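Listed after this line are the structures, all set down as structure tokens.
Next come two complexes, and both contain subunit A; in the first it sits with subunit B, in the second with subunit C.
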Partner chain A sequence: MAVVRPFDKLPALNSAAVLLVGSDESLQQKLAEAILKEKKNFKISIHLATSLPLPSERDHLRPRIDLIAFMIDIKSKYSLKNVEASLAHVDASFFLGKVCFLVTGVGRVNYCSVEMNAIWKLGEVYCSPVLYCELELEGIRVATAQRLLRMLQICAGHIPGVSALSFGLLMRNSADE
Partner chain B sequence: MESEARTLPSAGRLSGAARLSRGPLFGRAHGRFGPGSGGPLPPCSQENADPQKTAFLLRKQWALYSVTPLYKFSSGKLREYARLLGAFIAAERHKGLAVQVGVDLDIQVTFSSLPDLKGSEQDHAAMLVQLSSRSSVSPKNSEEKLMWSGWFCCVSGDDLSENVPEDFTCLPLFLANGAESYVAIVGSWFQKTFDCRFRRLAISPLNLTWMAAMWTGCKVEKNASATELVFSVPCLPQPLDISYAIHPEDAKALWDTVQKTPGEITQEEVDLFMDCLYSHFHRHFKIHLSATKLVKVSTAIASAHCDGIIKFLQSKYLIGVLMLLTELAISQIQ
Partner chain C sequence: MAEKLPEQMSDYQHVPPEIVNESVGHADAKEELLDECESIWRQMEECQSKLTLLGTETLPESDAKLSLLMMRVKALTAEYNQWQKRSPEIISTNPDVLVALGKEELQKVKNGLEMVLSTVQSKNKKLREDLKREQQWHEEQQQIVDVLNGIEEEMKNQVVQFSEKRAFQELKNKMLKLRTYKEELLNALGEFLEEHFPLPEEDGSAKKKKKNSSEEPAVELVTLHEILEILINKLMSTPHEPYLTISDSFWPPYIELLLRYGIALRHPEDPNRIRLEAFHQ
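And then the complex of A and B:
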């Protein structure tokens, strides 16, 4: 069972890969479609996984992963447990800006099954930004897709002068204020 | 849209921090303003309540509402309020907005105070509103029949009552039993008269897990009814509910192994308790209950549904349950 590492493969020219990890496959699919619909000037590959570790047999075919988005649904405690268990299979250097937590279901407090504090803590402990959204609403899904795409460009090194780490720090500073 | 999505987390974070721990029994909170500030808890206030006077509240389904503070409410004028509300209902019926058209019913309104339902000194006495009918054809020999009742209460709602300006009365929790159309009429009269707002109070699955844990920990008689948790499975073509019943003594034994400091409950303990139940279920049925939505909790103490319906079963724990519900109502208004 392989640990996902950010730098163990060479990057491919003008392309970027994002890995979406979450237990709700239909939401994952919808988000992936929204990302693909966005206009972009590079080749993107989106990898979907319900949990980590990724199977090791096809590892040589997989491109270098530039960004991992862990999807948590506040309506399902299982999704949080699943993400917590998956985090153990991620190499520590990924947390230098190449991981984010995508929290969906926000705004439906009456359906909340997880403690928001636990999610917020997860972001703190893993030094990674927490993005709140509602993927079931189309407008927010599109906005989230655009946001992820922009982060992916940064994490893949397509934006001159901004690295994943500096972007992550920027996000942290704005969140602390 | 975007800004809406962004403001929510901070609210969530606040309420999250507030729920870190609850005090004794169903307590309120050391948590709300951080540890330490909670001070000693009211000494077992449930003992004070006379079980006879509140017995009629038990074993009935109450729909929950949150109510913003009432402006210029005076508990000395209950008789007058009853008369005014009665006239208002009669006028509404006259307008053709009647609840039951054609039936000539004389609706009698009574307001009364329930001074026993209190948690702390600052709490305002609870108030009961009852609508009863009497046939106007033969008013003499027919008995009054209770049609609808609703009550306002505040149990240890100091967080709210300490922070409202003068002239406002805090009774943040409203419970109604009977036809919903009467809630609308009575509610609109209160809204007009006291400039307050009613909102349905739903209970989130997270809060239901708190109730499951807290009520499991209470001592009850030997032959108490089973602790039952009902889960609804999302994303299926037809609705599927899973009912999970546990012998109350087994549930209590589990809770006793989970709880570290008696008299205080933390979120971690509640999570651990639920996780134990989930993993037991998973071992037998290979179903992750944590991926479903908890919709109902029923124990020997009370039963609660996520739609905001509660049934009290033990007068001994009435105040304790109301304390928690008051806390939820306050967090909905604030």
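And then the complex of A and C:
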């Protein structure tokens, strides 16, 4: 399947899946480890991909994806290009609260080689939250992992009364004000 | 429809798994719950099959935002309607299920309370340690204050002694200075007198005068310096009787000089006696 869809499979019991898309694999790995270290009361599967679309031959092994985090490194123009290209392979209904942009390298703005405006616009156009972080720093990595985990819980429907859409709306409003 | 799914899923996942396990002995309770789960799962499968019928839809390159916003409006409206329709679910009235649920809730509360207890205990411990440290600190400060007070007392005494001593020393110094100054003055005066008022000599004008004024050379003449000294001493030692009888050893011109310049005064009744003018009064 070329396009990732949010509800193409039945969910598994007490579990959630997050898909990290980014060109820097070592950073992905670090973030994934940080997420796995967090205490949680559900099974989590983390899928790493450098870009979309996902290979279709392993599609039957993949669980339902509840949240896609696109990782952009402000030090690499390519990471932004890569994310922009990958966005075409995401089903539109994913953007109803199940996508976020993770911008890393915020601690070193002097090495910034992408336009921050372009990133901001990306979040604006795709109606998705943009999280700024510095994954190289352990403390911030842990905090980011916790944030992602919380979002994932909501996106997977583990929090009664809050849907991904309404949560995304909350995030948007707070970001705009 | 899309947003209905997560809600149902959350319902589904909030049937505590341990209830299913615990109530092994209560087959009917387990049966009931399983039935409930099955029906929810069936509902979900229905939704799922409807969802898969919907084709995939990627965002168009241009106007992605607009189409996305339209989608959001639709989805939010649907979610809103869903909430409107939704009525609170009633949990099973099966006593076993209720007991299990109650147990679980109590367990949760217990866990929470245990956490609070341990937190409070550790906080208390920390506070106790803090208090101990603060007390120790206070004690140390008290000691320092005591020591400082002692030092202050000592210093005060020293200062008093010191100032008395110093004042004494100063006075002494002043006196010494005055003495030396007096000495200097006396010396200077003596030198001045010696230089300008010498004794009449054989070949000086004084000798002529001496020859003219008195024929007896036998008497040893005293210097003006000595005359003045005698006068001063007389005035100082016997202020009630400062007069001095003029003797032959006083050279008359000097006596005349003293009288003329008001340094000495003649006794009002006895012309042979003189005294020093009372300069010091």
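Note that in this section the second predicted complex is superposed on the first by the 176 of 177 C-alpha atoms of A that agree within 3 Å, B and C clash if a C-alpha of one lies under 4 Å from a C-alpha of the other, contacts with A are read in each partner's own complex, and residues count from 1 in each chain.
Keep this in mind: a residue touches a chain if its C-beta (ideal position, glycine included) is under 8 Å from a C-beta of that chain, and two chains touch if they have at least 3 such contacts.
These figures come from a predicted structure and were not determined experimentally.
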{"item": "Fit-or-clash call for subunit B and subunit C when the two complexes are aligned on subunit A", "value": "fit"}
{"item": "Partner chain(s) touched by A:N14 [first = subunit B, second = subunit C, both, neither]", "value": "second"}
{"item": "Contacts of A:V125 with subunit B and subunit C, given as first, second, both or neither", "value": "second"}
{"item": "Subunit B versus subunit C as contact partner of A:R5, first or second or both or neither", "value": "second"}
{"item": "Partner chain(s) touched by A:L61 [first = subunit B, second = subunit C, both, neither]", "value": "neither"}
{"item": "Subunit B versus subunit C as contact partner of A:V90, first or second or both or neither", "value": "second"}
{"item": "Geometry of the superposed three-chain model: angle at subunit A (Cα centres of subunit B and subunit C, steps of 10 degrees)", "value": "60"}
{"item": "Which superposed partner A:S163 touches (first subunit B, second subunit C, both, neither)", "value": "second"}
{"item": "First (subunit B), second (subunit C), both or neither touched by A:K75", "value": "first"}
{"item": "Nearest-approach distance, in Å, of subunit C Cα atoms to those of subunit B in the combined model", "value": "17"}
{"item": "Of subunit C, residues touching subunit A in the complex", "value": "2-3, 5-11, 13-14, 17, 44-45, 48, 51-52, 56-59, 64-65, 67-69, 71-72, 75-76, 79"}
{"item": "Contacting residues of subunit B [partner subunit A, same complex]", "value": "1-2, 4-6, 8-9, 12-13, 15-17, 19-20, 202-206, 209, 234-235, 267, 271, 274, 288, 290-294, 306"}
{"item": "Subunit A to subunit B touching residues, read off their complex", "value": "23-24, 26, 75-79, 81, 103, 106-107, 109-118, 120, 130, 132-134, 137, 139-140, 143"}
{"item": "Complex contact set, residues of subunit A against subunit C", "value": "3, 5-11, 13-14, 87-93, 95-96, 124-127, 155-161, 163-166, 169"}
